[in-house]
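Step one of this worksheet: look at the structure below.
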């Protein structure tokens, strides 16, 4: 039994936030798609940094600054190992959104009005709007991969589309934040590579649940947010194949990223330095380092099996409730259930669920085009992670039934 | 006596990092110009957030998200009060550097090849390079305010220059990070306003030591970094006069900053929301809130008097050492001493000082044009804050003499 | 304070549980007549909300008393809207500025629905009403 | 390990205090002949350092042994450079790849000078020497 090999009791104890009651009910946190909870070791790493090594990085000849820099750079190596890439292929950003903006800006000089940028209808706004800005600025065409009515991709149809479009860049998420659907990336990346299309993968949702081997996946760029993978807020990153990464136009300018500055002219350093100007989120990166340690210590097969088990359990229970429509693909999912109850407004359901201590998200989840595709204005989203339990699912289903009673 | 009314013993105890020994010597932290140390209350606020309220902001209908949002928005009000401006005039960024980039990008559509952007020779690279990029992109002229040989401004000469230049924007720091020199901003801002020049003040060094009343100062924009004002890393901000702020072109795009997104087109929200896309550094902002509380509880007159006292003491002691050249203006200073010893390399001095537990900075301090102006390649910089003591100064001077002995 | 509002207060304050409270709020919402669809224009939308809130308001010419009408696509927000309407409708500008919705929501145990984080439009509505009344007085 | 290096080790290891150790390092630096100014070109600079470090290296044609020369504008880095030169000069590519500068600096209590954070060029120099030797072997 998966739940035996995976020690959920121990894991629960590592997450202090989860052990609280709200309004007399135990907290049931089903909003990991928005941000994950943090293990004690991550909180402690941050505290330890401020207590012992707080200093700016890279510029200091003194002990504190050296400690800070060592830890900061060790974190880069750690996340690189996690994704099986090289440390100098990782750029720290404040999150996935900034990483995507950095990319869209960085590619600007490589794109002309004859080029096409290909996105998909289920992307998060962070993987849409920067590309709209880029195509507006360059006169390039923004094109959209076909999505089936049930919000899954027909791979053959997509391969065909990619092959014919010969886009300059394909921007696609590894998993949908709204639905949890996992994209079957391998064949799409292969098709894109075959016609010389660069592939940008939005890994905000995939990085923790799917722990991708990026060298094997073969994408050119990959973005992630630490706060969705047990890490602190205000940290994220961009992976880029080194030559491609180094060829991007710098995004933010200022100290540290320069080589020389005169009042007339500046020259820039090589990647990753040239994309990291200003004082970074040092404490955040060091906290994230502890998060990667935590994740890496978990056996990924066990973790995924456990996540699938509670997901299947939740999906089954939810499906049994009359009047519930589920929009998520139940066969390929990171653990997210997007649904509605009859014509009730997601806002009402989420508000009532909160009364029962159940934290879910409601609304468009920063995916208005997907909402439009599904013909709804919003959904309720329950997103699970490996620290959720069967009891959480039971509490959620119970609370949902009670909430429905209140509405009916 | 200032040191009596200002309870330095109590203050020292609030800063855990300062109470450690390095290599057998008590730590003497003289690198607050790079980043300040953090009081326990700031560290605790961050821990408390992760333990109790960790959730994403603005989007959640559940209790954790509400707690997080309340605290996050309360911090905005707090920093607005600190600067005597309105909460909706504050944009959170990851630091001063990002704030300056946001500004330089945001003004792009208002600047033509006929305009001039005016900077000064003592700016940090963060207040130079973004303006170089802006003027390159727009064909505008980058012009430089005159600086006297001793690195102070002749106000009459500058007023004249400003009046004649009629620049679109004047970008100037409130205090120099390398020298600590305080700029006499009031007459310069008045001169700029008289000819319709927008004034951007780089407050990275001034925000804590000088606690400016921005409405009174009259600048149009002001940038700051939390980590230099007792707050966490990865947080900073931009103040902008509301109409001017709201007129800036959005910088980063993605979730939260939009109003509607279709696959073809997006519309943006009003400031500050339209500049804050993606998940912000929530824990950082909430930690910063505690930093502002800490600062606000200190009487600013007492604090400044205390800082001046130890600065004068340090300057006097340092001046007495034969062979030392001080570059800082000793009459108008936030507490920073930039110096060299004979022709010794700052790197050697800083390395030896570190052996004695003294943390100073060496190098160009991200101000290469200023180094060029001074005719040096680098300096040693000792930057003080209100948590430093007379004992710190004594230890520094002693260590410096010993280091010089090692070199001579 | 109007009579309508006093009776609203009573039902909500007598609620035995939070569930009961929400039930009362939603019932209140049901008593509010729906806005005609032609009035549900984008211009009438209170901006920045997850739930849609439409509202119209003016001080009537003859008596200088507030007339607010509104609707929402969610039940809870519509109920809260009903409370706001009961609180302010029919008042003169002087009376309006003297009524602090935050205090009243606090008493009702509903203060979190007026918080910055909710983004449900109720807070924006209160602010709009207050600023219109204040303008009338200037 | 060359004789020069062994005697370097001895002086540094016998240092009674960290001050003494730095004094020895700086003395070592003084023994290194200064590079002629014409050789101190930007091309010869090890990039990204606060201190300037110039270096030239090759394997000599006849004996295939490493020849490295270098200079720095700071005393401490110049001393560390002298250690690196003592460690690697005159070695064949096979010998070079078998010598781990990190281990040697660790033994000398100088490992922090080879750290990522120092940015003093010594680490970059070691990496350049190692990669040139590795290329020779391929």
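When the chains are written out, they are named A, B, C and D in that same order, and each has its own residue count from 1.
Assume contacts are C-beta pairs under 8 Å (C-beta built on N, C-alpha and C of every residue); 3 or more make two chains touch, one makes a residue touch a chain.
Because the structure is predicted, anything quoted here is derived from the model rather than measured.
Engineer: Of the other chains, whose C-alpha centre is the longest way from the centre of subunit A?
Structural biologist: Between subunit A and every other chain, the largest centroid distance is to D.
Engineer: Name whichever of A-D and A-C has more C-beta pairs touching across its two chains.
Structural biologist: Most contacts of the two pairs: A-C.
Engineer: Report, in whole Å, the distance between the mean C-alpha point of subunit B and the mean C-alpha point of subunit D.
Structural biologist: 38
Engineer: Round to the nearest whole Å and give the separation of the Cα centres of subunit A and subunit D.
Structural biologist: About 44 Å, centre to centre.
Engineer: Hey, how far is the Cα centre of subunit A from the one of subunit B, in Å?
Structural biologist: 31
Engineer: Two or more other chains in contact with one residue: find those residues in subunit A.
Structural biologist: Within subunit A, the residues that touch at least two other chains are 23, 60-61, 65, 347, 351, 362-363.
Engineer: Note the residues in subunit C that touch 2 or more other chains, in rising order.
Structural biologist: Answer for subunit C, listing residues that touch two or more other chains: 50.
Engineer: Quick one: which bits of subunit A touch subunit C in the complex? Just the residue numbers, please.
Structural biologist: 23, 344-345, 347-348, 351-352, 355, 362-363, 377-378, 402, 406-407
Engineer: Touching residues of subunit A toward subunit D in the complex: what are they?
Structural biologist: So the residues of subunit A in touch with subunit D come to 57-58, 60-61, 65-66, 68-70, 73, 259, 269, 273.
Engineer: Can you check the complex and tell me which residues of subunit C touch subunit A?
Structural biologist: Listed in rising order, the residues are 18-19, 22-23, 26, 50-51, 73-77, 120.
Engineer: Under the stated contact criterion, what part of subunit B meets subunit A in this complex?
Structural biologist: Per the stated touch rule, the residues are 16-17, 20, 22-23, 27, 29, 31, 34-35, 37-38, 42-43, 46-47, 50-56, 59-65, 94-98, 100-101, 119, 121, 124-130, 132-133, 142, 144, 225, 227, 232-235, 252-256, 258, 260-266, 277-284, 347, 350-351, 353-354, 357-363, 366, 368-369, 372.
Engineer: Within the complex, which stretch of subunit C touches subunit B?
Structural biologist: 47-48, 50, 112, 115-119
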